[in-house]
Amino acid sequence: MDFLSGLFSFLYQTGDAFAFLVLSACGLAVIFGMMGIINLAHGEFILCGAYVTTSAVRMGLPLPIAILVGTLVAGLVGMLLERVIIRHLYARPLDSIVVTWGISMIVTQGTLIILGSTMPGTGTPFGSFTVAGYGYSVYRFVLMLAAVATLAVLWLIFTRTRFGILARATIQVPHIAEALGVNTSLIYSLTFGLGAALAGLCGGLYAPTMTLVPTMGSAFVVEAFVTVVVGGADIFLGTAPAAAILAVVKAGLTSWQGQLAGQIGLLVAVIVVIRILPRGLTGFILRERT
Amino acid sequence: MPRGNKTTSVLKLLEGPQTLGKGPGFWSGCAVVLALACAYPLFADGYDVGNNVYFFNWVFMALGLSLIWGYGGALSFGQTAFFGVAGYAYGVFTINLGDAYGLTLVSLVAAVGLSALFAGVLGYFLFFGRISGVFLGIVTLSVTLVLERFMSQTAGPEWAIGSARLNGFNGMGGMPSLTIPWFGADIALYPDVGLYYLTLALLVVVYLALRMLVNSRFGNVLVAIRENPQRAEMLGYDIRRYQLVAFVIGSALAGLSGVLYTAWGNYITPSSMGMSAAALPVVWVAVGGRSDLTTTLFGTLLVLAGFQYLTIYGSQYALVVMGFLLVVTILLAPSGIFISLGSFFSRGLRRRQARESI
Amino acid sequence: MAILETRKLDKWFGGLHVTDEVDFTLEQGEIHCLIGPNGAGKSTFFKLVLGEHSPSGGAILYDGKDITKAKSFERIRHGISVKFQVPGIFQALKVRQNLQIALQHHLQGASLNEETDRLLEFLKLKDAENQLAGSLSHGQKQWLEIGMAVALKPKLLLLDEPTAGMTPDETHATGEMVQALNAEGVSVLAVEHDMAFVRQIAQKVTVLHFGKVFAQGTINEIVADERVASIYLGEVHA
């Protein structure tokens, strides 16, 4: 019985870590995988999703609809940003990363100025249940399902929709896609928007579980960064398996030494791993497969 | 080779292909600026002079980032990690060792050494793992963010090294200022004229030494790697080593900034390694012009002065302006304001000459 | 005596056997051209020799030493030097500095400057020494890169389509440069498409096809070989 409850606890922790890693990283990974840009304002799109969701809930919308609103707003802001700023820097990918950092500073501090240092949350729904004396939150299971569902939807988008197929064509051979009449600039814009929307979704989903502060984005970015670094450029071959592996590492370290040890251990593990697999899991898997 | 000859060939490296500014005009300009900087305490209040040492403290980190990013082409977004490690290390060393017998100076060297060692270990994994530009940026940024979070939770009494309490989110204080041992009575360098001159002298030495470094063979290879790493490797250079050495030197300079800052204010907090703190060096260096030491030096001082002025209205406003400044610079003047303005005016001049000659 | 030798050199990309047990020998002082239809595995072989790919099997010997596991820069230090197909130069640096970065391995001070001047003359780039390398014409960029490769005083020079994008005159001048270097004792391995160039410089020709050595001989023997003609014709029809 003790062993079973221990196992359950570990699986719960792993699933929780997996959900967190997938949801916080997939927006970053979509933009990086398709456009080669690391969006340093990723945390601020999460912030945007969280704030909009919470405001919508307090205005009386049910949580699922509120999360959807948060996702859409973040996505639209992302598309706008791509049109106004990022678009001019495609020839200079490294500079476009620095620019997103400037945007991140503006948003974080702007939020602090306009909305103050904290926004009251809405509380976690669904309550909790107990197994062998330990409490577990039901909402955490919702988050795990949401992570799996997000991956499934992304899979459908990239393999079954016109946008997904054109997007993959654009990424692989931009000039040929252009020559075939694909509106590549629209594709880039939509891709950036999708990445931002996924960040917004992450913010919306986690908004009920945490205190909303203007710097909350940085609570997500480290995990998002390391998942993308280990995963490499492909969401399905890289990000998802990377999240799974890192989730085990993180859950193990967290239950052994606490939350912070989980995070530090994750980072150290990643730095050591890249010494061995410079092109991330994607590179490793592709090399094995081809 | 005769000794004198060697000295002149080393001095020749002060000018070269990797640095702007040469000839008597440039150096007399430098001499004038230096003379003004030296004369400043004569006309100002000691308290103000001490406060303004603050500006110099940061320039070392900026010059280090210029070396790593501007010259070496490696995006290191986490220089504040080395700033923080060295700052905390200085605190721990000096609180335990005290300020007699020149031990603060030993602590300075040890703290900078520790940050260099940390950079060496981290850099070994990154560069020998052949981490590409973008990933290098986000891994180094992650390192500084995790360090910030780690130091923030060290509030409890169990987090102490010897008699030095780390003190969590509120930061560590109470470490002694730099103190020079002297016959009779030691000279403690509180924020005042003495510290000003010491920091200024350090700055001049570091600036000139870096000029020589980037114009040396090492600097040649470093810019070659930035321009075309594959070609550089195929000329027989082990590019990983060169990038690692540049990273360690640049990070040690960030460490020096950290020590000077901590000794100056007798204080350091985890937020000095946070997201906003990490962004600021990037702003200074990008705005001034990262690919040259001189533009970085003056750009940093200029942006810092602007930032200081704006903090009157609150640091969040100042940070918003810094964000805008970064976005606008990258969009409109990617090589920095000085070089962009320079080429703008020289284009205008040439156009006018062309018109007049018609 | 062989300067470069590969023994059963093998490379798989997944299910694709791009280099199939290639036994290849390049004699000291020889100019050896590697030809073959598109997809024959020429550039993979080239990258294996350079150390940019690691082989799935077999060995690479340089001057009698096994360099199969050596890193690229170590191979360069042993005396191999390379010129890439797309000019690999330092675009934002001056022409003179490009050469000096290559020369500073073994020279310094006045002798560095003298040797730079000599090379600039040899490459017909004396007038352009203070231009940024990125502003040179395509042919001049190719020469500059040859200059950088030569600056290392290599014993073996690897050329990957050295005349790609050149005018016939430039191609001919390049051929003369290569022959001049060869006369000073440099062995040369060139991957090349341009048969006029191959005819001008090659002392020996190896034909690769589907990752295997298909034929080997002097240029005249190769041109007369009907099997070789047929694989090229096959490509034309395909």
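So that you can tell them apart, the chains are marked A, B and C in the order they are listed, and the count of residues begins at 1 in each.
Here is the rule we go by: a contact is a pair of C-beta atoms (placed from the backbone, for glycine too) under 8 Å apart; a residue touches a chain by one contact, two chains touch by 3 or more.
Because the structure is predicted, anything quoted here is derived from the model rather than measured.
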Innermost chain, taking as reference the mean of every protein Cα atom displayed: B
Maximum centroid distance from chain C, chain identifier (CA atoms): A
Highest-count interface - the chain pair sharing the most C-beta contacts: A-B
Inter-chain centre distance, chain B versus chain C - centres from mean C-alpha coordinates, in Å: 43
Intercentroid distance (Cα basis), chain B paired with chain A, Å: 33
Distance between the centres, which are taken as Cα means, of chain C and chain A, whole angstrom: 46
Interfacial residue positions of chain B with respect to chain A in the complex: 75, 77, 122, 125-126, 128-135, 137-139, 141-143, 145-146, 149-150, 153, 274-276, 279, 282-283, 286, 314, 316-317, 319-320, 322-327, 330-331, 334
Chain C-facing residues of chain B, complex: 9, 17, 217, 220-221, 223-224, 227-228, 230-239
Contacting residues of chain C [partner chain B, same complex]: 50, 71-73, 76-77, 81-82, 84, 88-94, 97, 100-102, 104-105, 108-109, 145, 148, 152
Chain B-touching residues of chain A, taken from the complex the two chains share: 32, 36-38, 40, 85, 88-89, 92-95, 97-99, 101-106, 108-110, 112-113, 215, 218, 221-222, 225-226, 228-229, 260, 263-264, 267, 270-272, 274-276, 278
